[in-house]
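Across the two complexes that follow, subunit A remains constant while its partner is subunit B and subsequently subunit C.
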Partner chain A sequence: MKIASSILSFFLSIRLTVVCLLLLSVLIVAGTLYQVEYGLFLAQKRFFDSWLILFWGFIPFPGTQTVLSLLFVNLFCNMILRFSYGWRQMGLVMIHMGLMLLLAGGWVTRQFGQESFLSLVEGEGSNVASDYREWEVAVWKEERETVRNVTAYDMKNIPDGIALPLDAWGFDLRVDIYHDHARAFRSTNPDHEPRVTNASGITMLEESSGGYDPQEYTPGGVFTLRGLSNSEEKRLLLFGGDLEPTRITDDTGTYAFSLRRKRHELPIFVQLLNFEREFHPNSDIPKSFSSLIEVDVQGVARQVTVEMNKPFRYQGYTFYQASYADLEQGTQLSTFAIALNYGRIIPYVATAMTFLGLAVHFLIQLYVRKGSRDRS
Partner chain B sequence: MKNVCFILLVLIGIPVIGWAYGNTEPTPETNARPAPAAGDSAGLSSLHEFSHMAVLHDGRKMPMHTYARLALIQLSGRKSVSGMPAEAWMARLLFDPSSTLDDPVFLINHPDVAQALRIPVNENRRYSFSDLHGGMGRLRELAERAGRMESDRRSQVENELIRVYRNLTIYLDLFYAMAFARPHPDFSVEHPALLDLLQAGDEPVMLRFYDVAERAQTLQPLLTGLTTKPAETWTEVEQAAYQLSGALYEWARQHQESPLFIIPVTHHGEESWLSPWSVLGMGLRDPGAGEAVRGLVEMNDAYLAGMQVDFDLAARPFNDWVDKQLDGDRSMPFLDWEITFNNLRLFSWARFFYGMAFLFTFMSLINKARWLYGASLLLLGAAFLAHSGGMLMRMAIMGRPPMTNLYATFIFVSWVCVLLSFIAERFQRNSIGILSGSVSGFLLLAFSQRFYLQGDTMGQVVAVLDSNFWLSTHVTTITAGYAGCLLAGLLGHVYLLQGVLAPRRAETRKATYYAMVGMLGFGLTFSFLGTMLGGVWADQSWGRFWGWDPKENGALLIVLWCSILFHARLDSMIGDVGMAAGCVVGAIIVMMAWLGVNLLGVGLHSYGFTSGLAMNLFVYSAFELLFIAVLTPWAYKRIQSA
Partner chain C sequence: MLFFRFSLFIGSILCCVLIGTACRDSTPVQRQYTEYVLAAPPPPEDPGHDHPHDGMMDASLAPVVTSPPDQGEAPFVFETPEPWRALPASGMRMATLLIDHEGMDPLECTLTVLGPESAGLEGNLVRWMGQLDIDPPRGDAFQRYMDDLERMEGKDGLQWTLVDFAPLVKQDDGLNMMVGITQQGARVLFVRLLGPKNIVEGERDRFRQLLFSIRPS
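Coming up: the complex of A and B.
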């Protein structure tokens, strides 16, 4: 009972709040400075998404997730046991409820959020978005059908030596070597007989060490295809930079193998009708970028303009104008960032609640102080 | 003793404020006569029409008055040269460029650059084109070598070489921007047949590029057969026509990149601005633009002849034509406003009045005369009025909320500081509000000058910032939060000083404490709202509420620090003195979040990098930390023993 009481008073302590806020401040300063050298992704991974950090490799320090969790519990305990719910405390209650909601919203986004992108050339359409950082091995049989049956395996944390079953066609694909970030080479010797099959003529892979953000990585791997109809084993080299899938033919048909960014199916079909960009006269200062898209929702097509600060939303998905590129043929390619976030509305509500709480609290304080001054 | 202090303050304070007022802005005289120089034109008594000409610079339409200032600031770091206002100097540079050769307009900050160019080092760091002329080849060579280096590997001297060379290029571009309007030996015509063709009279004459370009068609029959005819069989008139057309081609080629965009045209519904050289290069095909170039030639003639009426008669139709071309354009009516804004110098007046208000408040704290209090309040009001006027005029000219760049945030934050100080003074009536308002207004406006001297403060915003709604919500609230925390920091200084100097005056100190905590509360509320609205904007623009961007982190740090102080005070981990010291630390955090993160050069908010800022921030932080380290224990001890 005594231990439980000590634990409770620990979690109720305002000193814990102060210490957590101080720790959070230290983490933020360290994470911000870390970004200068190592970029946002690694800073986020090391400081803001972590539970424990080792400074200089040996000094343990709680990570942001630990500190935020402690703060959440601290807040929760105080809300339940310390706060009185009279009108004088109304502001404080609102502030802290808002903050709890904010922390909860952050957790929901972290757990269930999904970010992807969709690049379309003018006239092109798709209902499949690509992941920024994750890749997959996709296999399909080349047929003249309009609908293609694709089997894909997520390559995140895949161990070497594992066999990926492709039961639909009766064979499997064993992962021999896989690098998250690889460099590819072609053999310079024309007489050299390649030991691997690759659509781009790549014969060798090497693990690459450059870059801090997996968004810029190009993976590659060597796979063994087993169980073909002619009982032959084929070694395939798949590289993220391949423009075409690698094709293998046996008696049953031709199969395509591709190492590509992980696909996310969208609930709508999006077609890019036109992309427009505008600059301030005689300058390269961008004024606006906008894409006119046609979205097909359950057979009903409608046109929508997506531009800076004006995204298009549909069923939890939001499409943002992210970037563009000029293509050689005079056409343009527009890229949309697509976010799926079920907790999107939570920070909005939390912000409003906390701000109102702060305003109410300080106004009450002013009123109370003025009242006591008038009385004296 | 009090009277001695009083007199000393007056004697020291007024010249200091006078210096601060006059230090950065010379008296602009739009109607000033250009200073005569060797071979100078007669000049004009009024440059009204010239100042009102519209120029497109970095995507923004501005009056020539502003363009001239920006160009001169870019070159010399000043808005005048030898007492001559920028627009008068610009008129000379365009219409009579050789008269500017000896003007000391090239700022060279590093003496090593002057030495490298083998020119005598000048103490005021400003050199004329004549000074630099001999070292131009060497400057070009050194600047190109420095330009090939990685930017972060360059030394100060190498950066300075690049800057000076770029400035020299700007000067030369402007030097030749109107060269088509002046006679030149390259266009001398002596052959009677050619004179006849060009309708240039009977006597040999030196023509202008413009004259020949306008009548270039008449040379065509002479030139048509020359490509198939051996050169030795050319007649004299053919040779002369060939030379003339060669000079025409060479001049057009050399000046095709001229940066003076003053002729607006519309092609396929899209607005574009041309330089006079571009119009000439296109063979004066657009009749309106051709007429505009003719107007410029007439202006140049009138300027060189010192004929005011002729100049105005040429300039006014030119300006009217430009107005007509841009009928319905939002920014055109505001060009006049901008000149008025430039001439009124409202922020200089505000700075001056803030300084005076500070002086009078200080005097009123020593000598309790009622009139001093009234005068300081009045002066603060006058400063606030000028400050508000300047800010509103900027908003009207730009058609945007008051914050679009770092300079503008200084203007706005100082304005909010003064507004909050008025509110504090309204509650307490003990001069603390006037003191904090005048100090914050004066210091922040004075500091904003360093950004002002770095270029156009009303420049276009990039696409992602092009949202008046978010600029006016997120940026307004976050900067209001900065203001609250900075004022709390300022009052923290006052509290600690009161603790040391007057430890027995608990009542006065308590009043300061309440004002300080009130400001901190305001700072926390608005920093929180601003930070979260930033998240909302990011969610609307990029699809993520929070991304740990350095600017977001900086703003969050302010919120966290304010929360730490309130919670620590609540739990008696710190007392009033600790709270005051914490507020001073809070001001350092605000400066780091506001300016420091721009120095990191990463993230979505890494705009407005300013050289030398790191050192200023370091000195400021070191000073503040020393202040806290010395005054906090001292004030604590004095209060305890009182």
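Coming up: the complex of A and C.
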């Protein structure tokens, strides 16, 4: 009973709130400094996505997840156990609820949010966006030029030796070797008979140490395709840098195999109609750039302009104008960063609730003090 | 009553965590989706090439649906100096050459073909100096620096401008870059070698050998 009481006092303590806020400040400063050298991804992973950090490899320090969870429990405990729920506490309850909602919104975004990108040349269109860091093995039967019925497997943490069944076509793909980051080589010997099939003529892979951010990785792997109609086994070398899928033909048709960035299906089809940019006078520094896109939702098309700081939103998706590139012959390529965030509205509601709570609390305090002054 | 409510609350959090952990299955999950591909119309002329260029795009964001660069149609041909190794064309790069050194990742020498508007020497120099953390010379000194850059004639009359930042890199173990730039019609070829100053210095002869081997296809 004594232990339970101590635990409860710990979670109810205002000191815990203060310590959590101080720890958060330290984490934010440390993460900001860390990202200068190691980049945003690693800083986020080490400081903000972690439960425990080891400074200099041995000094333990709570990660942001731990601190925010403690703060959430602290706020919740105070709200349900400490408050008397009279009208005088109404403002405080609202403030606590707003802050808890803010923390819950962060959790929703972290758990269910999705970030991807879509690069389109003028005239090009697609209904799938590419992940920044995760990759997939995608297989489809080549039947129609514009439609692919894709079967895909995520390659994150995929173990060597596992078989990936492709039941729709009656064969499977065994992962012989897979490297998250690889270098690819072609044979320099023209008489060399390659033992693997690859669209770019690559014959060998080598694991690469890579940089800090998996976004820069190019994976590669060797796979064995089993169960073709001619009972033949084929060894495929798939490389993330291949610009074309590796194609295999048997009696039933031609199949395409591609190791590519994981695709996320969008609820809309997006076609880039035109890209425009404007430069600052006498410089190569872009002042603004914008894309005119046609958005097709279940057969109904409409045109939308996406500009810097003027994203296009559809359901939970937000399309930001991220970057561009010039192609030869005057055509241009536009890249959109796409964020799917189901909790997008939560911070607005939480902030409004906190603000309202502060206002209510202030007015109640004013009323109470005025009342006691009048009485005296 | 207070303890009961508190235990209930802690218990529900633990249950949620346990259920969440159990739901994370490590076996590969098959996904199926339909991808609609609308290809861009072919450009009006010279439809064999579609190398993206310009500085704002990350190479990793290169378009997914593009035709593969045909080695036979590359605008320039070159010979790889021994013992450098050549990687296949990828994204904006016509080629990447790897230079092995013990105890470190291989150095990369890249050959990139861009459009004529990318040829502005001053803008490129400032950008590269920024990458190497070098303060650009001010005012007239910058013009003199550009005028003093080495120029040479390569194969088939290609006019090369050579940039070597070594004199401007103060630390011996600092990063240095050697760049060769040439223009053939509407195409500008950049050959860049980036790495530790002393190692780049050691590869100078092979770098020049590479430049002398390059000719329009």
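Note that the second predicted complex is superposed on the first by the 333 of 376 C-alpha atoms of A that agree within 3 Å, B and C clash if a C-alpha of one lies under 4 Å from a C-alpha of the other, contacts with A are read in each partner's own complex, and residues count from 1 in each chain.
Here is the rule we use: a residue touches a chain if its C-beta (ideal position, glycine included) is under 8 Å from a C-beta of that chain, and two chains touch if they have at least 3 such contacts.
None of the values given here were measured: they were computed from a predicted structure.
S.K.: Clash or fit: how do subunit B and subunit C relate after the overlay on subunit A?
M.R.: clash
S.K.: Look at A:A199 in the shared chain and tell me whether it touches subunit B only, subunit C only, both, or neither; answer first, second, both or neither.
M.R.: Second partner only, subunit C.
S.K.: Quick check for you: in the superposed arrangement, does A:I3 touch first (subunit B), second (subunit C), both or neither?
M.R.: Neither partner.
S.K.: Per the contact definition in the header, classify A:I59: touching subunit B only (first), subunit C only (second), both, or neither.
M.R.: Neither partner.
S.K.: For A:V300, using the defined touch cut-off, is the partner it touches subunit B, subunit C, both, or neither? Pick first, second, both or neither.
M.R.: neither
S.K.: Identify which of subunit B and subunit C touches the larger number of residues of subunit A.
M.R.: C
S.K.: Touch check for A:P286: first (subunit B), second (subunit C), both, or neither?
M.R.: The answer is both, since A:P286 touches subunit B and subunit C.
S.K.: State whether A:L366 touches subunit B only (first), subunit C only (second), both chains, or neither.
M.R.: The first partner, subunit B, only.
S.K.: Given 149-157, 221-229, 419-427 or 599-607, which one is the stretch of subunit B whose C-alpha atoms run into subunit C?
M.R.: Clashing stretch of subunit B against subunit C: 149-157.
S.K.: For subunit A, give the residues common to its interface with subunit B and its interface with subunit C.
M.R.: 286, 322
S.K.: Within their complex, state which residues of subunit A touch subunit B.
M.R.: 14-15, 17-18, 21-22, 24-25, 28-29, 31-33, 35-36, 39-40, 43-44, 48, 105-106, 109, 115, 279-283, 285-289, 308-309, 311, 318, 320, 322, 337-339, 341, 344, 347-348, 350-351, 354-355, 358-359, 362, 365-366, 369
S.K.: How about subunit A: which of its residues touch subunit C in the complex?
M.R.: It comes out as residues 4, 8, 11, 73, 76-77, 80-81, 117, 119-128, 130, 136, 140, 145-154, 157-158, 162, 164-165, 183-186, 199-202, 208-209, 215-216, 241-244, 260-261, 263, 265, 269, 271, 284, 286, 322-331, 333, 335.
S.K.: Within the complex, which stretch of subunit C touches subunit A?
M.R.: On the subunit C side, the touching residues are 2-3, 5-7, 9, 13, 26, 28-41, 43-46, 49-58, 60-69, 85-88, 90-91, 98, 105, 115, 117, 120, 123, 186.
S.K.: So in the complex, which bits of subunit B are touching subunit A?
M.R.: So the residues of subunit B in touch with subunit A come to 56, 58-60, 261, 271-273, 460, 462-464, 466-467, 470, 514, 518, 521-522, 524-525, 528-529, 532-533, 535-537, 539-550, 553-554, 556-557, 560-561, 563-564, 567-568, 570-571, 573, 597, 600-603.
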